[in-house]
Structure formats: structure tokens, C-alpha cells
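Note that chain A is present in both complexes that follow, paired respectively with chain B and with chain C.
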Partner chain A sequence: MQKSKSIQITWLQFVLLIHGTQVGVGFLTLPRELAKVAGTDGWISIILGGVLSVVASLFIIHAMKRQPEATLFDLFNHYFGKWVGKTASVIFLFYLIGGSLAIIFSIVSILRIWLMPKTPDFMLILLLAVPTYMIVHHGIKMIGRYAELIFYFSLWIIILLAFPLNHSHWLYLLPFIKEGWMPILSATRLTILSYLGFEITFILYPFLMNKKKAVSAVIVANTLTMLFYILTTLVCFSYFSSLEILQYTWPTLSLLKVIRVQFLDRWDVIFLAMYMIVISVTWIVYMSLAVFGVKQLIPKSKPSITTVVILLITLALSLVLDLSHTQVTQMTRTMSNIGIVIAYVFPLCLWGYVKLLEGIRRNHGGDSS
Partner chain B sequence: MKYYWLKICIIVVLLGLLPGCYDKMYLEDATLILVLGFDIEEDRFIVYSSSPLFNKDAKKKTEEFYDDKPVSVRHSKNNFDTMSSGIPSAGKIQTILIGKKLLEHGNWFSMLDTLFRNAESSVNANVAVVNGPVSEVVYYHADDKPPLTLLLPKLISSSSKKNATLDTTLQEFHRQMYDQAMTPALPMIRKNTNLVAEGAALLNEQGKYVTSLDLQETTLLRVLQRNLTGVGSYTANVPESQAGQPNPIVQSKLSVDIAKLSVRIRTSYEHGRFIFNLRYKMKTRITERTFPFNTTMRKTQLQKQLDSLIQRDLMALIHKIQKNCIDPIGLGIIAQAYQYHAWKKVKDHWGDALSEADIRLSVKTEMLDSGVLQ
Partner chain C sequence: MSSQQQQRATISNNLSDNITQIKSLFQGSPDLVIREFIIQSIRKTAALVYLGGLTDKNSVNNNVLEPLMFQLNMNPTVSISHLITEDQWRAISAAILGGSSVLFVNGNAEASILDTQGWPQRSIEDPQIEASLKGAHQGFVETGSQNIALIRRYIPSTELKIKELRVGQRGATTVSIMYLGDVAQPEILDELVERIQKINVDAIINAGELGEFIEDNPYSPFPQFISTERPDSAASQILQGRYVMVVDGSPNVLIGPTTFVSFFQSIDDYSTRWLISSFIRVTRYFAFFIALFLPAIYIALISYNYVIIPVKLIISIGESRERVPFPPFAEAILMEITLEMLREAGIRLPAPIGQTVGIVGGIVIGQAAVQAGIVSNIMVIVVASTAIASFIIPNYDMGAAVRFLRFPMMIIASIFGIVGIAAGLMTLIIHLITLKSLDTPYGSPLAPVRFTDWKDTFIRAPLWIMKKRPVNAHPVQLERQDSPQPEENP
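Then we have the complex of A and B:
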């Protein structure tokens, strides 16, 4: 518990870490998935999903507030006892590592389809592993800086989105709420998947410099992500006709393919190469939190060795499994479903448990530790 | 610093990995397909391609291939490989030509699937209909013209900038095909002695050729689509009786440039049919007037006359469209936006619904100037 004092991250880094972790591979497919369920009203679901994720983040912060210096791993031990706590920590660790792997495999599979159909996966993963190692083994302070840096680098994506606006048909968006609220509500289930990433608050909260600002931080982070999603989705919906968008697996990439300037074609290639760096924040954050978690569970372990082991496992898996795109999608879906439990259901339970415990202690006049 | 050398070694090994990108292709090995053509000749589906030739010994600067027994479009790309000096690459396609005969068959659109499915192929190519056999265009070669691969995109883009034809990219065509609320329209070219652009071809929901528009009608279609680029030019015969003194040799012509266009469209649904109220306001400049007329004194009269002329021609175009049960204007998009529930019932046969619709049109022009002459 004392260790966390030495590392601190600023408010901005905290915000951008959450935002960076949220914006991942899902962003590329989100417009199609939304259009399938809710048609062009899908953007309303994004707002609803955003509200839900803010609420879930607030629950996390409220549950963590009692023990401001403790990460989730300490809380597990504190509230549930040693063995249950250890088991819960291991499950959470597996979630972090699994999430990280799912994202690496997804981006590699997208790269294979869009850019390099003939290059084997392990080659790409090998190339990605080196910079990943260099950032991850430095720990949490470094990923905070990395997330901030990458955010500034990614701002130009918004300018790219302005190009297709020339040929947009904004009338496609009308009328709002075409088929009533039901499709919009059922699409909200999809959108909350793309907000996954704020659950890292469980681990990052103790490192935040000024804990009073934590509430504003999670609100800003989720809103930032929400605006980014809404912008992209609206541009996609107004550019593609409602049946057409269902044809594209990655509408966002197909959208960038149409940008035509005199000196450069195939903007999707440039975008994808840059966007890989944006997505890298997601897997790097998950992985380095996993490394941090291992250190908490096994205090003797060395972060750099843990990182190498995780990366070697990734490489080995890519060699052995040779995943097809469908399998990767299946893997991401499974991880997202686990993520929903961890990010939306678990905070509520934890908060309720903490409240209950407090109530019992107050009634019995017992000591609070 | 004890890992210093180890780190350098790792970096060198990893740098060695970088050229391991398996997907490189040397430009000198590639045959860039710039023009791709599809046609039906003697009941056979034929794929044509034209590529630039970068070789100083070759007199002709393009090479053409055709495949008269293609299993599929994708398959014929492989067949081109056996004929060309390099590996055919579809990433740089500039123009896609489609023979009118193929269009008359309908349901041909799925043949283009490979162009959309492969990430490498370009969706920004211009699509054009050839009025006549595609082979005439693909094998067109003139000493006083740039090579076909350069000529075709120039021809289409320059005439579309003047609103004389359309500028439909492959992506835009894909959108129009999948949009239930409108039907596609493509630019049309033909080979006389030279290659010429001649208006637009209108297709129905299934991509089947329905009718064609001449240059003036195409400009008016773009007016209706609210899609004028720059200025649109319009010429009309002015009826003799009102044009001052009749002239036996020269017909009375009035040409204007439409400089600014503003449109208001109201739509409603009554008694099982759609009602569209289109109100066009145009700012025009006179560019030609071959009959004597006192423009300063009787400006409003000329404006009124122009109003009715444009209205007549636009209405004729709308009737032509309605008669053919198509909707290249995109009125369906407006119906979808403002009368969604009524539109939803007819979305599978929107062309028929539009043909029964009541379209009212009013045109109001305002003459900005009459050039440097009175």
C-alpha cells in the first residue's frame, strides 16, 4: 500500500489514460453494428451508453474512496480476506491480459486484411512487441505520459473526417427516432462495449495526484470518448446509405478510402498505420496494469521479466493458433462480455458491499480500519 | 548499461526483420490497370483492361488486354497476368467502362464485387457507360491525343465540371445502387471519330439501363439534384412571336449561366400519393442573346419568359423520369426524411411510387447582368 505513494499521475494523464484505453478497435466497426440494430438513430445509443459508463465510473470511485491508497488488488484482500481476494485478483489479471491479447490479435488481423495479406501474423506481432516492451516495463507513470503523447498525435484524425463531408447527405439522419425507442435501447448494449476501458480506474485511482478531482476526470474522459464516437458515427451515417453501411466490416476505414486528393490516394493505409499507434495505448495500458498486478501478487517478480513472458505468450499463441478473422472477433466478443461484468456489474456490487459493511460496522460500533 | 551491447544486437536483428514485409511489389514488376472495361459481345461477357507502358522502346504508350472467357472479374485479373509483362495491380484504376449492352441485361452489379471486397482496389475510379462497344473505346488510339489512360479521366472530369455530364465514382455508384430511395445515374461516353462525353445514362433499381439524357438534360438533372458545380449553362429557343423581329436565318436563342441556385422542397403524403413542392430560385447571367430585345426596359418580361422556359424543360425531365419509374434526383431521400412512415411502405418499389407522385415545380429566376452588352 505504501508503494503507490511514490508514483503519481496528473489529472490530464488520468483522463487521457481512460480515454485512450476506451478508443480501440471497436471504433472501426461501431457504425456498422449500430446501423444494424438502430439504423441511423444509433448515435442516440452512444449518448445513452456514455451516460451509463459515467455512472459506472462514479460507482467505482465511490467504492474506492474509503481506501484512497489501495488499488483493487489491495481492496480484494481487505474486504474479502486473503484467499478469496487472491482468487479475485487472479481473475482480474487474466481479464487484463486477455483484453490486451484480444486487442493485439484484432489489430493484426485488420492489418492483414487491409495492408499486408501475405505477411504472417507472428511477424507483425514480433514488430509490435518491441515498442510494447519498452513502454510497459517502465510501469504506470510511463503509460500515463505515453497516453498523453498519443492523444496529441491522434488529433489529426478529426481533420481527416472532414473530407467525406463534401459528399455527405445529412438528410439520411432524418427523421430522428425512426422506429421508436426500442432499437435505440437495444443498441445501447453494443455501445457500452466500446466504452470499456474505464474499469482501469480500479487500479489507477490510488495514483491520481488530486483525488478530489477524480469525479471530474472520469466525466471528462467518458465525454471525450463519446464525442469522438458520435462524430465518426454521424459522418459514416451521412455518407453511406443505410443498407450500404451494413456491407462494410469496418465502415470507418471504408469511409477514409474515399478521400481523394491530387497527390495521394488510399488514405485508409496511412490512417491505419497511424491508428495502430492510437490503439496501442489500449493494449499497452492493459498489459502494464497486468504487469503491475503480478507485482502486487508476487512481490518478488520483476516487471521487465513479466512483460517479456506475456509478450512471448502472445507470440507463441499467434504461432500456434493462427487465428482466422472470425475467431479473433469471437475472442474480442468474449472479452467484451467479461468486461461488461467487470466494468458495469462488479462496481455496483462492490459499492453495495462496501456500503453494507459500513452499515454493519456502524451499527455494531466496531472499529473501522 | 550492462545490457548495452545486448540492446544493440536486438535492434540490429529486428531491423533485419523489417524488410520481411511479404507484400512488397516493385513498380517495374507491376502492370497498373488504369482502365477496366466490361461488356457483352455476341452474348459473351468480356473484360477489357488498359495499362500504361513505361518502356522507351515501345511506340504505343498503353497496352490493352481482353478476356473473352472470364469465369469472373477476379479470374480475368489472373488471366491478364498471363498476357502482360508485369503483375496486374488493381489499386490504381482510374476509369471503369461499362458497355450499354451489359447494362441492358440488368443484375450485373454483383460482378463488380471484387472491386469492393479487396482492400487494395481503388474505389475512387470514375464509372462511365459506353454507348456502343467498349472495345472501340479501349482500343482507341489517336496520335494527337494523350494515351487513353489519361484521356478518359480528363474527358469525364472536365465535362462534369461544366455540368455537362456526371461525376460518379465507384463508391458513389455503390451508394446509389444500395440506396433504396434513389436510382443510379452514370455519365455516358461514345466514340464517334473522337471520344466524346454525351450526357448521362439512367439506370433502375437493379442497375438496368432505362434511358439516357443529353447534355442539356444532364445539366438540368444536376439542377434538380441540387448538385451544380460552379455554373451551369442553359440555352433555350425563344418562341418567335415574343422575340421582337423574327430572324429568318438565326434562331432566337437565349443562353444563361445559372450562377446560384437555392431550392426549397416540401413534401407531403395525401390519399396514397406523395406530393412534392419544388421551388427553385436561380440567379442567372445572360451569356448569349441572338434576338433584339430591350433588356433594360423589359427585364421582368425576359425573366418571366426564362422562368417558364426553364420550368418547361425541368418539368419535361421530371415527366421523363416519372414515366420510367426511376429516381435519379433523390426525391426518395427527401420523402424518407420527412414522410418516413409513408415512405417505408413503398420503399421496395420507390420508382413506382414516385411515378404516381404529384410533383409541382416553380422556377423563379433573377437576372444579375447581361454581360458587357446592353
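Then we have the complex of A and C:
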């Protein structure tokens, strides 16, 4: 019953899609990684990372602004010509598919370690493939609704984080900036990995209902993610000492182990199962954007078939590779490094390129008149 | 016979020709009555044709035959409220099949269709499956026109429009779509009419059949139309900007477009104090999750994720399960299926025998099975709470969907444990998000999130706060009322 038949997403859906894509598996390991590099000052790096990701998002929006109705794939063709554009689109598609695979493999490997060591990977992936298929082929509007609902669904995590506060020692955080700014700055490189996901602005921007609010949307989305990370990190840092935290691969999960009520032990188990639903937003968004991209490149392709193919590839990979957890971590790291290029470096280049083109055109136009 | 019908689409002015024609049309219908007589005043032979069981004999005798046969004034009149003249055989036979009687007069090439319908019908009774404490005690009956009248009594407005459609090649069942002309979204009406017109069947016997032909996703376990036997619920849904489909011959009406949450609303909610009905609503959602997940959680906790349960509790569960020879999944399936059989057996039995089934079943499940060591005490508690929780949902169709979905959840929990339950929940959420009812989102106001509609979702806000109609049905006129909040007197 939409007045215009084209897909549109609301401001809130735009914000929560970005936020949902950003919050992923990294949330479970981030406190340890930060503590390793920057000690208890790691939370400052989160703020710096947040600022960087907002800046990168703003570059994306500025680059997209000239052609508000065009998707990234149209832009590639528009700016780089047919062949370079197609190649760039394919690279971007592979990044999206790779990102979604990396997240599925990571969550499956964590689930296996914590909950079901004897279940083979492909069984779990088969389990997750059914709901993934059900939503991915419906397109961007539906994943917007999903991200929105799951955000409200995920709010209870914050309540859960309040439980360990009884045992926390805030003195662990002092003194601030104990080893100078260098560790904090080098930890920023780590934190920007956790903000990956805002690069979907490239594809989502044309669907935003009110384009003027895009700037506020990316700022709110990144800030939400930042607050979420800071909260978790502070709770972890105040609960574990800076040395103790290094012993736990997933400090956030270990933190929840301490919650005990009369009738339920091991909240980490319940949390992890439910957190799987929260993380699902990340891989579902990446995958459905990939499906959308395939539709853009090959207009005849059917979204449902593309989805099935991607999921079958995932299943086949899990059967063939049989990845260990270390290998999965390695895979995630590689994807993240590609992500940094695509999310932070590429927007800057694109923006510069667009500015340059405009400058040339303006000069050119000036000459001819 | 059909060739004859095609040869002559209109009636002739010769009475005996017409009678032959009608006899051949209605071959093999012994209940067809052809009463030939002479209209005294104009001295012409005439015939009155009707189907015996479908017409009101009193009306035929007193209002049609008596004035025509005995009155001697020049213009004898039949005292029937509704009268049409017609010369098409198609329309005439349809009218006879619909219970009207048709008057043929010799020398006249037009017949009069007299509205003398009167078939056996049930009087209006208390709704059977949707009993209510404070709502009206009138339920729909099997006659469409009466049902329409029952709804009209609540909304005496000229804006209450009715769109009449005929469905079915043989039955030509009348489907009347009722809506508020200045409130309901016309695009939805177009969609609805289009879908109904596409139906090509013999006849529609029940409203549920109609629903199955026009719903958005026939593979979903969830009902996509509210089916109600309460005129007051139907009227309140019309006032919210929705469409009500009255199917002639069915004591249920269909309401669409609907949302998932509307199946958790009952008409009693609005006549009870808002705090209390909000509390009951929250209980219903809680019951929904209990009915859906409790057996699955039992299976997952006992067979996989027992680390979640504290030691003391697991010891007592272990003691209770000591003698049980089955794995938890088999135990749960056994009990749940027994319960479903008991429920199904109880429905169609006469009340006195139904009670016996309940007592026997209850004792067998509650006592003997535990003592015999077939199931554990905890399992009995789980099954009983599940059953009660599933009956709290006010709509039968939604309750049935929940009872059905329990089984896939149990299977998935027996394979994957708590991760399986989480994946099941995820699948359920995704299904509800992507489901549509007449092209409007079924998950509204949860997905897409529409906070303005939350006033009547998890809680039932005070009526003076609900100034706007639900957005989901896309009403043209959103404002519903503007009553002030009752003031507190010092």
C-alpha cells in the first residue's frame, strides 16, 4: 500500500540497519583485544574509532549525494565506465558475500566451542540457512523491518550487563592515559574493525526516504554502536583486571558467567543463543545487499535463486574446508582488512575522484562558454 | 436442456410454454411447486412457481395467492415488500433457487419475482467458541442478510457500505464486503475484490474456504483473516477501518487486513477496566511463548543444556525422571500427542460424554502415567501448562497455529538444544515480518515498528487516549475520536 512502488526505508530503519550490521561477533572479543594493546584506556580508542567511522560515513554520503537515486553499482558505471565499473561492482559483491560468510562461520564456530562441540559445522549452517533464506530474498525493505525489530529485541543485553556491576572495581580504570597516547592510537586501528558495517550506506543511501537526514542518521547509528561498545568495554574492564582479561578469549561471555539467580545458572549459554539472533542481522544484511547487487548486475536473475546459490556455497564451503576456530579468526581478519580499504580508504578516494571530476567539468564548462 | 435454454433466453407470453420451459429447467427437483390458477379480476390464467422448502408458505398463501385469486377489483396487488419484473430465464431460475417465487401471467412476456424467502433457520444464540463475559450475547447465524443486519445495528450510518459479490459457479454464494466508506482504504478493497473475483469453484460453503482462496500466504500456519462469530467484534473492526466479509450460509465472518497482534485482542478487553485488561493482554503474550516454547525448552534443558539449571533443581528433576525409560523428546512427544488427541476427542462429543473424556484423560495423564513410570512429574506439569497457555489465546485459529508450531520447535530443540530454540524463534520472527495480510504488513506494529499503534498492542490504553485508528489498515480517516480525559473531582 505504499504510494510509490519503489522500495524506501525510514530514517529509523536506516539507522538501525547500520547499527545492526556494525554490532557483530567483534563485540564478544573486543574488550580483550583492546586490553592487550591499550590496557584499560582502550575505551578512548573506541571513541576515536567512532569519530573516524562517522567521518568515513560522511565521505560516503558526500560522494553519493550527486546522484541521490543511483546505487553504488550505477555510480561505478557512471564514473568509471562500463568495464572498470563492472569489475569494481563484482569486487564489492565479493566483499559483501565474503563478509556475510565470515560472520556466519564465526558465530557457528563460537557456538560450537561454547555450546555444541560435537555438532558438525554444516548442520549448524543448515539450521541458520532456513531463516536466512526466508528473509534475504524479500529484499531491503524487509531487512529494514528485521533490523528494527531485532534492535528492540536486543535491548535486554544492556540489562544483563548491569548484573556484574555489583562486583566491579572502577579503580581498575584509573589512571587515565597511563601509558601516553601511542597505545590508544594503535588500538584505534583495532576498534575501527568493529565499526565496519557502515559501508552499507553506499547501497542503502538511495533507498532512504528523506535524504536530507542522511547525515544525522549515520551520526546516530555510529554513536549508538559506540555507546554500546563503550558500555560493554567499561563493564568488562571494571570487572576483570587488565591482566586477567587477557586470559579470556571472549571476555563478554565470561563476564556473564557470574550472573546467577536461584533457578538459572550460566546466563552466558542463554545469552549466546539469543545473541545469535542479534548477530544474524549482520550476515542477513550483507547477504541481501549482495543479492540486491547481483540483481543490479544481472537484471534477469531471481533474488530467491541467488540466495539459494549463496547459501549452498556456504554449506559446501563448510563441508569442504571444515575450518578450525583459528582459521575462522584468520578469515575474519582478512575480511576486516579488506573492509578497512572498502569502508575507510575507498570513500575518500571516491569523494576525491568525484570532486576532481566536478572540478574538471567546471573548468571545461568555463572554457567552452 | 441447455440447448433449449440457449434458444430462448427470454420468456414467452404463452403461459403453457413457460411452464414447459420451467419444468425442463428444473428436471429432477420434486420440491418445485407450480401452482396454476386464474386471476379473477382480469380473467387470465397464471402460475406461481417456487421451491417448496425455501419459501415462506404463509407469505405465499396470504400475500400472493389470496389477493390474486379472490379479489375482484381491477388492479389486484400482491402485498409483498420487494418486487421485480424480469424476462430473462437466467435471472428467473436464479431467483427461484434463491427462494423467491415467480409469477407468470398468460399473455404477459414478463414475470414478477416476489420476495417470499423463508427457509429453516436457527435463532440467534450466544456465540459458542468465542464466549465473552461482558460482550453482547448475540452470535452470527447462517443467513447472510441477518448477519449484515446484526452488524448494522452497531453502526447505523449511511457510510457503512456493502459491496456484494457472487462466488462459485454452482452455488453463487453471496459474499458481502462491509466497510466504512469514508474510513477504509479503497486500495485494499480493490485488491480484495480482485482476489475474490478470481475464485472459480463450485460453491463456497464456509467463510474459512473463502479465506483460503484469498489469503496472501497459504503455506503459513498463521491465520491471515480474523474469523469471528461475534457481531460486536466485527463492528469494532469495521470502525477501525477494516473490511468484514459476510459469507451467506456461514456463521463466521472474515475480517481483514489483520495483524499478528490483533489475534490477542478480545472484545472483553474494551469493556474491562484498562489496567486489568492490559494485565490480561500481557498474560496472553506470555502464554503465547509458554505454549510455543515450553516443551521445547524442557527438551533442550534436559537433554542438552543442563548446565543452565542449578544443581539443586537438576537433582530433583533427575529424581523425577529416574524411572522414565524414554529420552525427553520421546516423552514430550508422547504426552503432547496424547493431549492433542484428548482435545480433539473432546470437541465433537456431546457435552456429557466430553466431560467423561476429560476426566478419564486427566486422571490417566495426571496420575497413572506418572505412577507407571512412563512419564515424569515435571513433564506432566509442562504439558498441562502448555495446554492451558494455548487456550488463553482468544482466537481459535491462532491457538491452533501455536499448538501446531510447538511440534517443530520440539523437534528442532531435540536436535540442536537451546541454539535450535533460538533459531526457531528467529525463523518465527522472520516469518511474521515477511507475512502479509492483503498486502499490509502482518507484523505491524512490531515490524515495521509503529509506536502510535502500541497503545492497543501489549497494553490496552485508556479509550480516551486512543484517538487514532490503527495505522496498519491504512485508514483514510485516521482520527477516531476526541473525547476528553475524565476529570477527577476534588
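For this structure, a couple of remarks:
We take it that the second predicted complex is superposed on the first by the 360 of 369 C-alpha atoms of A that agree within 3 Å, B and C clash if a C-alpha of one lies under 4 Å from a C-alpha of the other, contacts with A are read in each partner's own complex, and residues count from 1 in each chain.
Here is the rule we go by: contacts are C-beta pairs under 8 Å (C-beta built on N, C-alpha and C of every residue); 3 or more make two chains touch, one makes a residue touch a chain.
It should be emphasised that the depicted structure is a prediction, and the values quoted were computed from it without experimental measurement.
Residue contacts after overlaying the shared chain place A:212 against neither chain B nor chain C.
In the superposition on chain A, A:82 contacts neither chain B nor chain C. In the superposition on chain A, A:257 makes contact with chain B only, not with chain C.
When the two structures are aligned on the shared chain, A:127 is found in touch with chain B and with chain C. Touch criterion met: A:265 reaches chain B and chain C at once. By the document's definition of touching, of the two partners only chain B reaches A:113; chain C does not.
Of the two partner chains placed by the overlay, only chain B lies in contact with A:244; chain C stays clear of it.
Once the two complexes are laid over each other on the shared chain, residue contacts for A:277 go to chain C alone; chain B is not touched. Contacts of A:167 after superposition on the shared chain: chain B is touched, whereas chain C is not. According to the touch criterion, the shared surface of chain A, contacted by chain B in one complex and chain C in the other, consists of residues 115-116, 119, 123, 127, 130, 260, 265-266.
Partner chain A is touched in their complex by these residues of chain C: 185, 187-188, 304-305, 307-310, 313, 412, 415-423, 425-427, 429-431, 433-434, 439-441, 443, 446-449, 474. Considering their complex, residues 113-120, 123, 126-127, 130, 167, 169, 171-172, 174-175, 178, 239-244, 247, 254, 257-258, 260, 265-266, 268 of chain A touch chain B.
Within the complex formed with chain C, the residues of chain A that make contact are 1, 10, 12-13, 111, 115-116, 119, 123-124, 127-128, 130-131, 134-135, 138, 142, 144-146, 148-150, 152-153, 260, 262-266, 269-270, 273-274, 276-277, 280.
By the touch criterion given at the top, residues 10, 14, 17-18, 20-23, 91-92, 116, 119, 122-124, 169, 171-172, 174-175, 178-181, 330, 333-334, 336-338, 340 of chain B touch chain A in their complex.
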